[in-house]
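See structure below.
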């Protein structure tokens, strides 16, 4: 896994508004989720990588080459802007072939690439309709098509799933994964964490202009020592179950759920707890309906690191 | 007895009622927003210059003897008669200043709502399309009346005060009525004219240019046509000429262009009709939620 | 991809796109107005020939020179960069393997060509209809080509200046309006060399009528009113310099500017 | 319940938007789902009286949607999907303005505006000009203007779009608080199924203008056979063989999730006994039900 996109002590602000503050980061192949609260510097980072902004301090490089005012890196890089904006008075076909002019392809190759991109996002039958008449899902897919038409090996997507209905989301998630499986690099930014979780487990969390966390979600969750892990057990007699664990030193806190069936346990030593749980349940003869870890998802990781 | 305010959402104990003028808040807010625009107060104040000039004219006309030497040729202008008021109401700079104030102050009335798609907020309230237009139009009415009826009547009052007698009023009792009539005409016309152009595009700047452009272009066009063909009826192309014709008629003065005044009234009415039709079609409820 | 290829591709892209938007049709309609006028004049004055026709041509030139090309250049010039920023379609262009200046030059060239076609068609129709009486006379064609040349240079100069304005200012249209219709008209009343600080002065100096020559009616006076012309060669050089300078400035600015859509 | 429609149909020219929809919406929060173009916004527009249906009729809060439009709109709060505000105004005057347009006296509207702005979390930013508001703040502002006149019903169109994760949680809590115990009926149209899942008890799914599914979420998602999804720690092989010995089928997914299909008569605790025998840690144990996304996919068809 070689480093594809690298930022070294990257800082950027405009006026007195802080964008990024001394970010050092290396992204490899595969899908990386970029997330952070509004105004955390997420879109500033996206703009710096796609050469729409100049770094104030530090550098950002794609495959070792600086990005600002260095157009040939875009030969191998595709970008999907966040806003739902297009040249509205052209058809899907004209939009793709128009943008493909800038890669030095022959006319025949442009037509062939446009056709292939349309097939990938299955908009072939709509290629001669004006983009003005496209539905939100189709617009998002044509935007994806223009980013992959020149066969780049890096794809940067800014909120690609926003505004799509569940089927549209599924379709685009599958396309992004197929793109990744061809050994390419994808950077996806999104506000809706379940969407990021559907795409990848590798995230970069930016907050107040700094990298707060980077790596696989479960790995990060483990590292968060400050907050004990929550384990929820729904069984026929939660109080009996609780009675058996009261003496256990590793348990920090136990609460009973409003439905009167759930016991939520907080502990630092999950291993130890799970080790004993099966035995205790059988010994007490309880009927267990569900065991789950409510805070083992990206939302709670996000809350811990960013929350108030 | 202790009370604890329940956390979270709390209800409102008042009662919602249909009001007599449901559109009044729209007007009040429209006027406030106009005054909040940068440099609008300056433009608005400037629009009162002609009325001030004519006020000075009134003063001089009373003190004609001491100004005799100074005001050689223009004593003809300074004998105060309905013609004096007609000139005030129909001179070019007066009308142009009204267009200037309306373009800057009320250009965005509908354009801003279209741009920020806030129409759907209006129409998810118990508000008809009629109320929406009435509210917006009375914002324009406010500015036009303040620039026409108010100074007009004030001038009449000052004429009586300066002359120290009611003679003037007795000789022309119908003059205040003409002033009100003509102000009403301007209010109605500019109301429709501004709202029509304001609903044409989302882009505020474009609308301002349209309000100016259409007004000036119509005048220039009719000037060129008359220059080439010398047919008086061509004056009907120009918005200002039509307004001046109507004004001259209302004040019982000689018409500036020898075209029957009825034609000018017809042209102005046609523009208002066109505007009403376009507005009714443009602010359809489907448009409201895109 | 070499810079010149990039410019050609951008030219192709916006040449195609420019024709598509509704605005081109609106300006074509505006260009129709002189043609209609010419037809009407032909019908009304078909009996009389001679100088009267050329006088009306003068009046038309006022429309073209001081209104039509200025409006066209103002709109298309300011939208070379401002349009992409305002509609946020800029990110589609600057994430392509082409230098940013190529976008400005390519798009400017495409819009200039579009404007030239609009003006050529409109001028051509109205001019030849107006002078239909003596089509045989070769001098007629020479004057037409000269008019077209002047308007072409006007499009380039005004277009470049307004492109620069569009790149620098946020409120380019308002400033453009003040310059195009305020400063350019007022300048003719100023004495001496102040006239040199306007584009219209050089355009007027290139017109085929010597000022103090025969005063052929109101039209000519209108155009050449108190004009102290500079020599045609100098005027062409000045116009070329204006175009080149403002385009270069626009390209340089576009290259270093960061466009921040509201965060 | 307050929303009832019978055989509602509407057409934009040739395109059929609603084709004979009949339903009664349950209490509490109701999710309105469907792919783009299924007729969701058309249904909202008809209920709000922006469109007059071709066929069929309906009642909102007892008022007829054709004749008593003003009454419906007085007691309905609508949070539109698209960004909308009025430039040049601050949040308090904006909210009070729309309160007034709903029929509130001016002073009451101003007082209530402050209260509602604090409630949606815009307390400190309520005097700032709306032009300086971020997308997330505008989203909360839309909720505030929908609540200012204390409506009986709330129509929320994509309430959590362009909010950051923390903002999304807060708005979801607000909606939960409103719909749970404050006697306000909430109809939510959203594409983010996780939100609908966490907010709504019942759901309505539209497809091509027809009612594809309607009812309480729990009933719609129940499945007949007992399928358990497990996550374990330790040597899965032995555990798997042990379970198969008890007569249930075991599949292992690529992300480590183990699916156990128990026979009807099987006792779930056998899984625990098997785990104990092969000393495996059972880290997650859930009786599977179709996820809302799967329900949506097979109700609406194509995957």
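Lettered A, B, C and D in written order, each chain numbered from 1.
Simple rule for what comes next: a residue touches a chain if its C-beta (ideal position, glycine included) is under 8 Å from a C-beta of that chain, and two chains touch if they have at least 3 such contacts.
The model shown is predicted, which means the values in this text are computed figures rather than measured ones.
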Centroid comparison with chain B (C-alpha atoms), farthest chain: A
Comparison of A-D and A-C by number of C-beta pairs in contact, larger one: A-D
Inter-centroid spacing, chain D versus chain A (mean Cα positions, whole Å): 23
Interchain centroid distance [CA atoms averaged], chain A/chain C, Å: 50
Distance between chain centroids, defined by C-alpha means - chain A, chain B (Å): 56
For chain D, residues that touch 2 or more chains besides their own: 134
Multi-partner residues of chain C (each touching 2 or more other chains): 263
In chain B, residues with contacts to at least two other chains: none
Chain contact graph, described as a line, ring, star, complete graph or other shape: ring
Interchain pairs in contact, sorted by label: A-C, A-D, B-C, B-D
Complex contact set, residues of chain C against chain B: 37, 40-41, 44, 56, 59, 171, 173-174, 177
Contacting residues of chain B [partner chain D, same complex]: 8-12, 14, 16-19, 22, 25-26, 29, 32-33, 36-37, 108, 112-113, 115-118, 120-127, 285-286, 288-290
Residue ranges of chain D touching chain B (in the complex, touch as defined): 12, 41, 44-45, 48, 50-51, 69-71, 73-76, 78, 80, 82-89, 93, 97-98, 100-106, 108, 112, 115, 119, 145, 147, 149-150, 174, 177-178, 182, 184
Sites on chain D touched by chain A in the complex: 33-37, 134-136, 161-169, 191-194, 233, 268-269, 272-273, 275-276, 280-287, 293, 296-297, 300, 302-303
Residue ranges of chain A in contact with chain D within the complex: 35-40, 135-137, 162-170, 191-194, 270-271, 274-275, 277-279, 281-282, 287-293, 299, 302-303, 306-307
